[in-house]
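Look for chain A in each of the two complexes below; its partner is chain B in the first and chain C in the second.
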Partner chain A sequence: MSVTTSAPPRLTGKSASNSFQSVLWAEWIKFRTVRGWIIALVLAAAATFFLCYETAAGPHTGGCSGLPAGAICTSALPTVVPTGPGGGGVADTYEFVHHTLTRDGTVTAEITSLAGVTATNASNVQGSPSASHPGLASWAKAGLLLTPSTTQGSAYAAVMATGSHGVHFQYNYTHDTSGVAGTVTMPTSRWLRLVRSGDRITGYASTNGQRWTEVGSADLTGLPATVQVGLFATSPLTFHGDTGYPTLATAMFDHLNVDGSPASNSWLGQDIGTGRTSFYPTLATGSFHNSGTSVVVSGSGDIAPAVVQGLEGTHTASSSLLLGLIVGLLVVIVVAAMFVTTEYRRGLIRTTFTAIPARGRVLVAKGLVVGAIVFALSLVVMAVIVPLGQHLLRAHGNYVFSANTLTQVRIEIGASAVVAMAAITAIALSAMVRRAAVAITGSAAVFVLPFILAAAAGGGASAWLLRLTPAAGLSMLQALPHYSQVSYAYTLGNGYYPLTPLAGFAVVCGYTVIALAAATVLLNRRDA
Partner chain B sequence: MTAAVRAEWTKLRTLPSTGWLLVAAVGVTVAGSVVVAAVLHVNPGSPQDPTKLSLAGVQIGQALIAILAVLAVSEEYGTGMIRVTLTAIPRRLTLLVTKAANLAGLTLLVGFIAVAGSLIAGRFILPGTGIDPAHGYALVSLSHAPTLRAAAGSILYLVFIGLLSLGVATTIRDTAASVGAVLGLLYLPPIAAQLVNDPTWRRHLEQIAPTTAGLAIQATTNLRAQPIAPWTGLGVLVVWVAAALLIAGLLLRMRDA
Partner chain C sequence: MIEQTIEVTDLHKRFGPTQALDGMTFTVAPGTVTGFVGPNGAGKSTTIRVILGLDAPDQGRALVGGQVYQHLRYPLRHVGALVDAGALQPSRTGRNHLLWMARSQKLTASRVDEVIELVGLTSAARRKAGGYSLGMRQRLGIAAAMLGDPPVLILDEPFNGMDPEGIIWIRRFLRSLAAEGRSVLVSSHLMGELEDMADQVVVVGRGKVLAHASVEELVARASGDQVLLRTPAPDQAVKALQRARAAATVIDRNTLSVTGIEAQRAVEILGQAGVAFSEVTAQRASLEDVYLQLTGGEAEFRAAVDGQVGR
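== the complex of A and B ==
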């Protein structure tokens, strides 16, 4: 490859008129003086605000006209999502067969079987054991639980056998440690033990009741002297694609023993959190009975962080932003493309490159000017609409998962940064193709189309689009963390993204850098 | 009039973008249909519409038809050619009609090739994904009256999308802004409909938006579940086209070029 005669002369010394600040200043003047572009960007900000506002103000609870026959109109009832000790929304629905324990003590039980059924109908239809088929949920839980109170959202610690994840020790909903693997069947029963010593609760597991291994421990600070301790069973929704099916687990306990002596019969069975206003879909109300020396406990529900965004009437800090962002993005792409293609159309680009022969600098300056304006405008809109949207949703009776300030600020900055990156990429693409129609269509195809496809496709295709295309930037809107101990449809439709926020943003930045580099190479090679 | 048609035809034909846009429109439509048919996961619980699946590429191909239509007008304004054109053909409505007629003829031909290609692809690919007579689905065939309606309707749909874009571009006159507006008009209402929680509003939105209403023509099964009846939906698109061309005609008459 030989250097063409049209190659711009290299800058040899530091030229005052070509300092980067002056290039930046020149581009800022160019942008500022086209009134249509400023108006378009302000209108785009207004449209984004309006659409986010409407999306947030739109859903009122009580609108259940479009549900299939037999469906429960959950949104007509005020949805009660309990708040856990950590401040987040939690699921706390289970069957508890309990007994008062005063001060320190040890509870031991052998769990001899764990079986379950899965509902034939999805979670929005009232479940019943008659409409079910055998099938144990992988996160069905049965074991020993200690809690200061039976109100939903109370602190707790529990050691349990699960459907297919082995023995686990969990406490206060979000904390989870795993122990002995394997499923519970008759020859391989599991022995579980929960020991209280002050504020410290320790869970042990054994396969024979002789040799014990510690599974995990928790410090439940402020635990009162008298607590409830006992057997529990619960079984969460199983997901096929996006659809959740309620399940019911039945566990058989034997060798129930408190502080070294066999337990008396004064145990109290109680359904925790199965009222009409409880949000967690259950297959049936829990129950327990004695069978010879054994106690049989069956329960439906979950004791875990809440992940019910797909259920009606629940939202997150970012769930009303998507439409407004896409509309804003489209206008930003058009304006950014025009910022470059108009110069080519009018021939101004030749003047620009004569004045500033370092073409890459011009490109970067253009990107910085548009990127900064777009980022600032978008940040203003987001800083208002993110808190306002949540307020509107709550005011209309919807449940909004609480997000801490850091998460909200990250969503606001992240959404704005992704729009700014899209603007810079559109500028780079425009410098490559030089024609408005191609640049805009190309940028829209690269930035807006994957957003739409990812939202529409669902499943594996959606996850890959959100990893590999610039739509990965949407991860910045993620408001809810993944929990490995909760099986759920972690899909875009439910507000989850396959990448972490920063990883997703890195993907977008990668595309922007590649586009800028390619555009610089082409600008330097080609005639203007 | 004949001379005007011929003049416009020469301009449209010799526009550098026309050739590759037409090829791309056919290619993208057929490729889109092939990809949709190939990556399909058939869920026994939800019955599929083989004809609609075969014609899915129209949803992407329409963008290129729209851009072709926009460029046919906006490039004349961009280069100043429009002043020469209006000197040669001073009757502005005649100019708009001849532009529309040329564009309609061209998109009719391209639409025919794209739709035929998509249907052929669907006939051969869909049986491989479990949509075959063994699973109760007939092969895609034009002897099936609803499929014939969907195919003919899809061609008309592409023609109308071209005319709608022509109207928008004549109104806006700038290439970049027109492309943005047309893409927004075509693709934003379906996204908005996805995000609207209230089913009644969603249905209304899908009934009045040009793409969702117009593409109802592609449905061949379970017509009751569609937001709008096939021909009524295409009628909604025709109303959009008429409104866009009317506004374009009025502005073309009233404004200086």
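== the complex of A and C ==
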């Protein structure tokens, strides 16, 4: 026999309060029944759209009209950024000493030295070996490379020694695996080996040519039977602050050996992607020569994802958005503040708290209502202007780094979410200070000022502002990822934020949550 | 109608140097209109804000239907309040103002239209509230108070700025609500406004209750047993009354003021003594007189303090 017990009826339950749904509904009616607020938000959306449009369609330094897709202007000379297999812009500039390999095979070489020079002049000055000083770039690369084609942007796999990052296996520009650490000097040479088996390419490294360890492997699907294999050397810009200096690396190879299908004896040396149409600044064109049993290869450039937003005339999916977003954000802050402060000014807040004694719920409901409307409006604007802005830039002859759909959607959602969070925070601040002028000034100061300061300050101060203040949310606009295998001035000026998009958004959310919590405590302690 | 009371017990509250509430205690019974009177600054509005959970008292408590206001689920279904009729968003229509309140209580839009009809605001309901006259705002406030069909109603100075017609309407309306068994608390700084409407009167001054009684009791207490007597022979009348141990004072040539006996007894005494008289009237104090008696000192004190503090 079972005994059923029923809970005693609750007497004065503290939990009793209006259901959140009813509070949300009430606040939604409050917002939508003041036409001025709706009009202001629609105008904010229109202003954001207009400013983004004008930024994208307006004149740009370095832009040349009537150029083919992928062309940019530097020093009034059209150049081309190659597109990699992944669809992104890539640097593909190096010296390649190669010959044909048909079907499966193995290439082995010992790299006995790797040395380099750095230009005395910055990358905007035509490089010359005479204007240089010794200095090996940390990401100078020399090793073995396999590619179906010597066209820029082709698929490839390579195993290499680097200036100071040890042995790496890389393929298709964005993929990078590190192997044996240490630099290459005479007593510690590196043996490298690249093996093709079907579509699979595997890189190995050894310190003695006897014991091999795998560094990494890649499946290059659709690889043709006949590919080019050989030695390569390249050396990227090295940065001091925001300034890049071209470099040149020289590698000495020994014990070069190609197994497998019959290989012609003629090794062909070729500059890939150098010359006047290359966008990637080089110190000098590459070269190779035999020196006894050794082959000496020199190269300048990089085989990596492109990061040259800072060069004139290059743009990203988000580079037209900032001004429009800041103007829209200011209007949103005003409307959000008014949604709270007019209630205080008119004494309506007492009616509200009489109808809904749970004051924290009122605050959260107000935030959700304004946040959701702002998010929806912003998302519509962003979903149109992000693709349209890129189209306009390209139509006017500017180079736009292609961003994949996922990145574009993240920029659209992210920008809208940050504006929505700003609106919610403005609501919390308004509930704390109760006066429109103070609330609007304070919210604008919290959300817009740090970004302006960060843009003006530059350097370390800028990075810390973008990490610690609500301006961190603008990381959501980051269109190009940081690549650890590419040395670059990853600064705000070049379109890079110190935090990842989600980390930056988390910082904004942190501020919003703190503001809501503080406002709720204050509302509950204060007489209405 | 579930009958519910308002119980205010020993409320204390201090705003800076001002003791706004100093042991405020009273109860509003169901089925009555209770007037809540006192000079400006006596603590009426603060008491009402404490009842509505807007202000927290330093000490004491206020219950509505046995519950603290903050613990009421959908409070407008328990308590309807008109605190500040001007508390409106001017660009929102009257109907939309009521609509958000209704939705916060899980009430329907048709209930909104019912209360609009009830207060006679149908023609103006879809106009912006910013254009409403003071009287229309008061009606909108009463409509808001009636939204949840509450057993308890609290109105703070509902007559302020109303035209005579509106005042009569509110009086009738509040009487009818009490007749339905609701508890109605109406504050005013003018006792005259409550005459002919309030069953009970709570007179307050300096944050506490000075008197809480029915209107009749209050009037009787203030009037004493004063009788007005008109006679062509005032001297004889005085002698006859003094023999019966009543005090009489000559007011003018043929009018006497008599205290210590009722009018009926005065007629008997004069009849037995054979003194002619033309009129005997039991003198009644007005509610206004009572109020002035009770609060006169307070009001003066207030005025002096107000002058200093500049509140």
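One rule holds for everything that comes next: the second predicted complex is superposed on the first by the 469 of 528 C-alpha atoms of A that agree within 3 Å, B and C clash if a C-alpha of one lies under 4 Å from a C-alpha of the other, contacts with A are read in each partner's own complex, and residues count from 1 in each chain.
Throughout what follows, a contact is a pair of C-beta atoms (placed from the backbone, for glycine too) under 8 Å apart; a residue touches a chain by one contact, two chains touch by 3 or more.
In this text, all values refer to a predicted model and were calculated from it rather than measured experimentally.
K.L.:
Examine A:F353 and indicate which partner it touches, taking first as chain B and second as chain C; both and neither are also allowed.
P.N.:
In the superposition, A:F353 contacts chain C only.
K.L.:
Counting only touches as set out at the top, which of chain B and chain C does A:M421 meet: first, second, both, neither?
P.N.:
The answer is neither, since A:M421 touches no partner chain.
K.L.:
Using the touch definition from the top, say if A:T33 reaches chain B (first), chain C (second), both or neither.
P.N.:
A:T33 contacts chain C only, not chain B.
K.L.:
Which of the two partners, first being chain B and second being chain C, lies in contact with A:A471: first, second, both, or neither?
P.N.:
After superposing on A, A:A471 lies clear of both chain B and chain C.
K.L.:
Tell me the contact category for A:V23 with respect to chain B and chain C: first, second, both or neither.
P.N.:
In the superposition, A:V23 touches chain C alone.
K.L.:
Could you say whether A:L114 touches chain B, chain C, both of them, or neither, answering first, second, both or neither?
P.N.:
neither
K.L.:
If you stack the two complexes on chain A, which partner ends up touching A:T441: first (chain B), second (chain C), both, or neither?
P.N.:
The first partner, chain B, only.
K.L.:
Per the definitions at the top, what is the overlap between the chain A residues touching chain B and those touching chain C?
P.N.:
Comparing the two interfaces on chain A, one with chain B and one with chain C, the shared residues are 342.
K.L.:
With touch defined as at the start, can you tell me which chain A residues reach chain C in the complex?
P.N.:
The contact residues of chain A facing chain C are 12-14, 16-19, 22-23, 25-27, 29-30, 33-36, 342-343, 346-348, 350-351, 353-358, 527-528.
K.L.:
For chain C, which residues count as touching chain A in their complex?
P.N.:
For chain C paired with chain A, touching residues are 49, 52-56, 67-76, 81, 83-84, 86-93, 96, 99-101, 103-106, 144.
K.L.:
Write out the stretch or stretches of chain B touching chain A in their complex.
P.N.:
Touching chain A: residues 17, 39, 41, 43, 63, 67, 70-71, 74, 78, 174-177, 179-180, 183-184, 187-188, 190-192, 194-201 of chain B.
K.L.:
Note which residues of chain A are touching chain B in the complex, please.
P.N.:
Residues in contact with chain B: 40, 51, 55, 58-59, 63, 65-66, 241, 322-323, 326-327, 330-331, 333-334, 337-338, 341-342, 345, 435-437, 439-441, 444-445, 448, 452, 455-456, 459, 461.
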